[in-house]
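This structure is in structure tokens; I'll ask about it shortly.
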Amino acid sequence: MSIGPNPVETMMAADVASRSLGIELIESGDGHAHTRMVIGEHMVNGHGIAHGGLIFSLADTAFACACNSWGPPTVGAGADIVFVAPTRVGDVLDAHARVRTRYSRHGIYDVTVRTAGGVIAEFRGRSVQLPETRV
Amino acid sequence: MSIGPNPVETMMAADVASRSLGIELIESGDGHAHTRMVIGEHMVNGHGIAHGGLIFSLADTAFACACNSWGPPTVGAGADIVFVAPTRVGDVLDAHARVRTRYSRHGIYDVTVRTAGGVIAEFRGRSVQLPETRV
Amino acid sequence: MSIGPNPVETMMAADVASRSLGIELIESGDGHAHTRMVIGEHMVNGHGIAHGGLIFSLADTAFACACNSWGPPTVGAGADIVFVAPTRVGDVLDAHARVRTRYSRHGIYDVTVRTAGGVIAEFRGRSVQLPETRV
Amino acid sequence: MSIGPNPVETMMAADVASRSLGIELIESGDGHAHTRMVIGEHMVNGHGIAHGGLIFSLADTAFACACNSWGPPTVGAGADIVFVAPTRVGDVLDAHARVRTRYSRHGIYDVTVRTAGGVIAEFRGRSVQLPETRV
């Protein structure tokens, strides 16, 4: 990484969505990132478990940090998530993202979401670097 | 559908997560549902566009309403999303979910998310009906 | 479609892989295609059912025909498949592909694979048009 | 693994589909497997590159060997594949499958397909163990 502002910190400083969801960036580096979120009372769906969209959001922010860690602005083109186990109010969720492969302007990143009890979701994101002119 | 409380309305009444995200159920029926969300100032990520997790959440709630429309409690086992176009503050997002196929305790549901400008995401959810004893 | 050689027929004439798998193009048109394959003795995996890769291949060829129906050479960037039911020797499989959405150089196509007994797989392909210079 | 016939070898001995595609099992063990295939003249699609279904098939067989390595008969419930780079006649493809997580009767397995030139596809399979009575 070049000297100068860290691209992930700059991005996260502007990411009001992640902040309003209570998503915290624990650390990031070339091709990887770690985010955390605590399941609050307002995060529960109609079955009394954490809403899948919020678990996806946590993983998606880790993915965004990992794929922007190299510098050039990069966005998610798509993602797949598997819900492994339900989570409940008070659970602390940790999402670890790691690059799997990069090619041309594209990348694939795996994100595992865990509580103290084990894996609760597996996410795979597909990224694309924005064209220079679009930045 | 049997006479008695609508399973989707009962579920949505308890879904504090969708409510706190500003997701509104417009209508639902056997195997389909329509949800809506307006992109607010607090929904923007570090690239100045709506956070992918919130778009996923809107689609996921439509999916949940569609797959629970038959009655038995059903949850998401997984999903894939493709982000077609970015959205910005003030955009009104409509998600239409529709059953594609059902087999055994499983289902596949397609959700298209649109703004006035066109499709912004395509989501495909994989559902599984909860075992009786777990309900 | 312009007058001149049909791009799908030209492509299929060169597709020795589909031919050697016994995949037949039944029809195609703008954004859709229908392929067929009969499960032979040599298509069975170690569990005595049709190999998932061959079901994927049938769907993938339908997808290729649908996404090349517009003219410009287009390839699969990725796909997701859900296996709904097993199939056995002698089963006739029909795959119907249909465009879901197109944006920029990309497309999403849904393919349903059926036997006489019902749906056996749901496939969603993500296509990308080749750059002019690469053709 | 218990003493007795290796479940993967027993399965592969009956897998005529993989054999007729020229897929070779190089090795397997608890939760992992390595398969190989050479792209032949008859494996090329209408764009002059290896048919995506055949690359999927190679990865799917590695996935099947990995998820059956534990003993109980297990099948693919679904999979996602990303095509990273095209391959051509004569290319030797190696697919390495590795378990990512297991829960209840389910599993997630990642398969990377490579040539000497690098990664050509990333596959993620979702497995389900067959019920005892169905075996």
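Each chain carries a letter (A, B, C and D) given by its place in the written order, and its residues are counted from 1.
Simple rule for what comes next: contacts are C-beta pairs under 8 Å (C-beta built on N, C-alpha and C of every residue); 3 or more make two chains touch, one makes a residue touch a chain.
Computed from a prediction, not measured in an experiment: that's the story for all the values here.
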item: Distance-maximising chain from chain D - centres being C-alpha averages; value: B
item: Pair joined by the larger number of C-beta contacts - B-D, A-D; value: A-D
item: Distance between the centres, which are taken as Cα means, of chain D and chain B, whole angstrom; value: 33
item: Distance between chain centroids, defined by C-alpha means - chain A, chain B (Å); value: 20
item: For chain A paired with chain D, centre-to-centre distance based on mean C-alpha positions, whole Å; value: 28
item: Sequence positions of chain A contacting 2 or more other chains; value: 78, 80, 82, 126
item: In the complex with chain A, residue positions of chain B that touch it; value: 10-18, 20-21, 41-54, 56-61, 64, 68, 73, 75-83, 86, 130
item: Complex contacts: residues of chain D adjacent to chain B; value: 78, 80, 126
item: Residue numbers on chain A that touch chain D, as the complex places them; value: 80, 82, 84-85, 100-101, 103, 106, 108, 110, 112, 119, 122, 124, 126
